[in-house]
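Accompanying notes for the structure given below.
Letters A, B, C and D mark the chains as written, and numbering starts fresh at 1 in each.
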Amino acid sequence: MNAVKRKFILDCDSGTDDAQALMMVLAQPDIELLAVMTVFGNANCDKTSRNCLRILKFKNRLDIPVYKGSDKGLIGDIPFTSNYHGYDGLGDIHIEGVDPIDIDLIQKEHAPVALVRLVNENPNQITLVATGPLTNIALALHLDPQFGTKLHDIYVMGGNTEGQGNVTPSAEFNFYTDPEAAYFVLNSIGKMINLCSMEVCERHGFSWEWYEKFTDGKTRSSCLVRDFEHSLITREKQKGIAKSYIMVWDQLTMASAIKKDLLIQSVNVYATVELHGMHTRGQLIVDWKKKQNKHQPNVRLLQQFNQAMFDSLIHMVTKD
Amino acid sequence: MNAVKRKFILDCDSGTDDAQALMMVLAQPDIELLAVMTVFGNANCDKTSRNCLRILKFKNRLDIPVYKGSDKGLIGDIPFTSNYHGYDGLGDIHIEGVDPIDIDLIQKEHAPVALVRLVNENPNQITLVATGPLTNIALALHLDPQFGTKLHDIYVMGGNTEGQGNVTPSAEFNFYTDPEAAYFVLNSIGKMINLCSMEVCERHGFSWEWYEKFTDGKTRSSCLVRDFEHSLITREKQKGIAKSYIMVWDQLTMASAIKKDLLIQSVNVYATVELHGMHTRGQLIVDWKKKQNKHQPNVRLLQQFNQAMFDSLIHMVTKD
Amino acid sequence: MNAVKRKFILDCDSGTDDAQALMMVLAQPDIELLAVMTVFGNANCDKTSRNCLRILKFKNRLDIPVYKGSDKGLIGDIPFTSNYHGYDGLGDIHIEGVDPIDIDLIQKEHAPVALVRLVNENPNQITLVATGPLTNIALALHLDPQFGTKLHDIYVMGGNTEGQGNVTPSAEFNFYTDPEAAYFVLNSIGKMINLCSMEVCERHGFSWEWYEKFTDGKTRSSCLVRDFEHSLITREKQKGIAKSYIMVWDQLTMASAIKKDLLIQSVNVYATVELHGMHTRGQLIVDWKKKQNKHQPNVRLLQQFNQAMFDSLIHMVTKD
Amino acid sequence: MNAVKRKFILDCDSGTDDAQALMMVLAQPDIELLAVMTVFGNANCDKTSRNCLRILKFKNRLDIPVYKGSDKGLIGDIPFTSNYHGYDGLGDIHIEGVDPIDIDLIQKEHAPVALVRLVNENPNQITLVATGPLTNIALALHLDPQFGTKLHDIYVMGGNTEGQGNVTPSAEFNFYTDPEAAYFVLNSIGKMINLCSMEVCERHGFSWEWYEKFTDGKTRSSCLVRDFEHSLITREKQKGIAKSYIMVWDQLTMASAIKKDLLIQSVNVYATVELHGMHTRGQLIVDWKKKQNKHQPNVRLLQQFNQAMFDSLIHMVTKD
């Protein structure tokens, strides 16, 4: 096959769900993953970098470079990172045959600089998928103001649209963790952003029964996912399983970028991010009723996906 | 019948929907409406006072006193009022046998002062229904810090909970118009507030067919509602009837106060109001996930009502 | 003497300096003090009310009514009060022949209601001197929007203009304690406010030597001041006397209202109050360079006084 | 002479005063200017880059590289730049023998990337002088979190400390133009910042008589300064010369970096920048009274200089 492959870059804060998004894109025969960029979020940037390298080594794909990015938000006011995905950001497990990972494998070039270089080397060809805070993208946009318009397209997991946050009463984790970056990227990238809000992600979760099969251990990857998700899943179940389903946010975002047919419904809107509220810092603001009509739509809100098709796609994570 | 009647006070910014809420409570044989308090909002306070007097005169109930309240929010920074309900706040019509109204009928006592007096004269007996900005209630609470605990109960129309405002991308009209009052009342009244958010109100609208019958002109009141809603309804229809239903927000709030059985579902939460955002000023903040667990629930969010029962109750507006 | 006396009202959060301001106005033969209004600040409102009654009893002037006002700021978000002036707000002393004071002497009418009544009974005749948070004035302005224009004049101690606050890095105590009230009064009172900022007050302090003589105990009042200032002064001296002078802020503000000739320099400006900053809530904002030229001057910033004349006037506090 | 020269980098938004700061450092025999970084501010970044090249060409020093930096603040919300220094940022003049300048002389490397490289190539050796918005420094700090600690020292012109801004009632131009950058640099650089606030700069201006001599045209440089300052000076004089002196802010900042003996008085404080106020966005916040004592001092506020020594130094701008 000589067909030209599509070119992807993943910018993530891996994270067990980012790890699955990475495994998903690695499994696509028609996609070339040019690089993985890392950012703080689910863990600090040393850890998220290491986690990406671990997944790549596990998949025998250390040919793909990992660039380390920012360890702080644009104004650096959120000193902590979450331990939701474990202290190391990937379930605190030992991966046989992988660990310990050699962190010298991290590229010397800083992620935003590499982003700018790669996008200029591959103008209008790169699909950028961002599943963590948007810090690296914001910095790339500062280094090259035309960065956004040189992308083929961009998919972002972040923000909430229905009045309930997951980290504060009003804000979603990725946007809350670096509100200034989210604000700057949304307002200045000059390219329509395909946005998977937390609500659309929640609506496309899977049942626990589904998850049992997904992690039945019949493949190496299935074992890996089962292991690195183990403590998080156990903790969720101990909480009484408030939710009857498992969330696969970053996986959905990657899937939506991989397969355009997945999308059933979307709407183009102007959206921005609240920076100044006492309670609402980091909240996505959608101008639903076009009250701020000086602004053109900058975001394609992805609203509904074909769940069966997503089911097929997510199974590529654990196919071997 | 010597049964003791329940005692109500309506605090409103009439407004065609407030007017119907007033007509609804007047039609209850077991309820004594002690007073009507007026506030700015749908029009300035002179106009909303006049409108309440007009409805009372139309219903031959000028025995009920009207107290004029605030013409500005607590910090006075929103200089305008909406003309959504017409320039006079009641559809800009002439009401035969009513107009012109004698504005000397407005009581000399200022609304918050009268509120405090009436509540102290009738401790633990008064149901307060507020369908406009909460300015008067906030001022009453300043004049008497125990004001709230001396109420029997309180029903408020205001706020939004699902991420879409009606006056800004994030805020609902009543709370946006005086965010400080809403903040102060929610945080300091010391009494659980029964809150009809704009979403629960939207979910309990009626169809246009229903509205045609409701305003079929078979009673004096039906004619009046038809007339004062005429220009608003016409304007809505010209917009292409984005909504397939008519909104009856203040009517629902009054109905929920009149008939407890109406309520099917509610949840007790801590809620407050954003004062400081660039985009989110006036937004209701609900601590859905109890992330601010230093706070006890202060709001009973009313979430679902018996629509058939509400249908019966709203028909009392136009029964004669 | 049949000359008509000037009419004053003092609104204060007494406070040892408010107490002296009260003693100063009581000593003016040509001024009738109509009433004392109390507000929270240096202590809660029960205590500041009690302190005013104590001073009046000490001066044998219980004929002057004391009206209790607000115990919370306009939005009620500052739950504490300072203990800078002692736990009881007046140096925690026993005043022989005065204590205990009968708190039933507090009037039943709430301070803002009384303010509105008195100003309407004496239109354009009252000089209002406010030496605490502006909560009562804000409420009075809500109850009667023309309240301000019916005053003869108004003198306020509050705000800072040179970039250093005394309670936060940016804000002065009185304005910080109720920023919304300060904002509303400045923007809506409709009457030029004579403002003594903390800087002008600091510039007109007296030396410690001066203070020794002022409190030499040669009069009853001199003894009283010496006693109720004792612990505060001792504490200040233990800090190492960072300042080489004693501050007499409320006394200066009262003096400026009593004697117009005291003023040497002033400037008319537009000024408002920051409500929304993370660091600057409560800061006075002066439009020095007329950058917000849509606004007319609303504040007369008092900038320099005749110190010798002030010295004479402040000695009336302890004259007998 | 084999003595090792001190190494400087200038980051500026030239600007007629930045231009003089550049001319001053070029005149120092013991200082090697490694590079000039440009940023938006007095004009957009194309213009400020061009202006720096023009000065270098005029001084026959095109061997010094000019790196173009950011054209937007960290969150990009201030779309405009000032025209105070002329539409081209340098008095809108034609410089004989210099203009037009070849803009291909601008380096291809982006300023923050070059900053990081140069500082790593010369660890602990570089004095960084920043006379414009701090955007480039903030970005460099993101690309290399240890950037600050690898500097020899840093001098910044920006912020105000005495309650009067020059671009808003509360904020100084450089910090207002990119508040997030100023906030991030102050809080995260990890190196004490030598700060020339607008007040210390104002206090060290020179008289108009002095300026006449300074620009008497007896040297090429004196003619140049006279010409590029002409329209600005004329405009200031037409305003009625509110100020009896000429401001030389960036020149003073550069002078303070060149000659340590210039400094007479300074104080170490914790300082930060207000991001969220309605009126105070961009205001420098100094914790004068150590109320935020969790924070160590991060800023050395330069408070007084030897004016005679500064006079000597500034004359090097026009010495030939």
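In the analysis below, contacts are C-beta pairs under 8 Å (C-beta built on N, C-alpha and C of every residue); 3 or more make two chains touch, one makes a residue touch a chain.
The model shown is predicted, which means the values in this text are computed figures rather than measured ones.
Chemist: Please report the minimal path length, in steps, between chain A and chain D on the chain touch graph.
Modeler: Minimal hop count between chain A and chain D: 1.
Chemist: Regarding the chain C and chain D pair, does the interface count as same (over half of residue numbers shared) or different (under half shared)?
Modeler: same
Chemist: Tell me which of A-B, C-D or B-C has the interface of A-D again, with more than half the contact pairs shared?
Modeler: When the contact pairs of A-D are compared with those in A-B, C-D or B-C, B-C matches.
Chemist: So what's the Cα centroid distance for chain B and chain C, whole Å?
Modeler: 40
Chemist: List the centre-to-centre spacing of chain A and chain B in whole Å, with centres computed as mean CA coordinates.
Modeler: Taking the mean C-alpha position of each chain, the two centres sit 44 Å apart.
Chemist: So the centre of each chain is just the mean of its C-alpha atoms; given that, what is the distance between chain A and chain C in Å?
Modeler: 57
Chemist: Give me the residues of chain A that touch two or more other chains.
Modeler: Counting only residues that touch two or more other chains, chain A contributes 275-276.
Chemist: Looking at which chains touch which, would you call it a line, ring, star, complete or other?
Modeler: ring
Chemist: Could you list each pair of chains that touch one another?
Modeler: The set of touching chain pairs is A-B, A-D, B-C, C-D.
Chemist: Touching residues of chain B toward chain C in the complex: what are they?
Modeler: Against chain C, chain B makes touches at 70-72, 74-77, 110, 112-113, 135, 139, 142-145, 180, 183-184, 187-188, 275-276.
Chemist: Within the complex, which stretch of chain A touches chain B?
Modeler: Touch residues, chain A against chain B: 160-164, 166, 168-170, 272, 274-280, 283, 285-289, 291-292.
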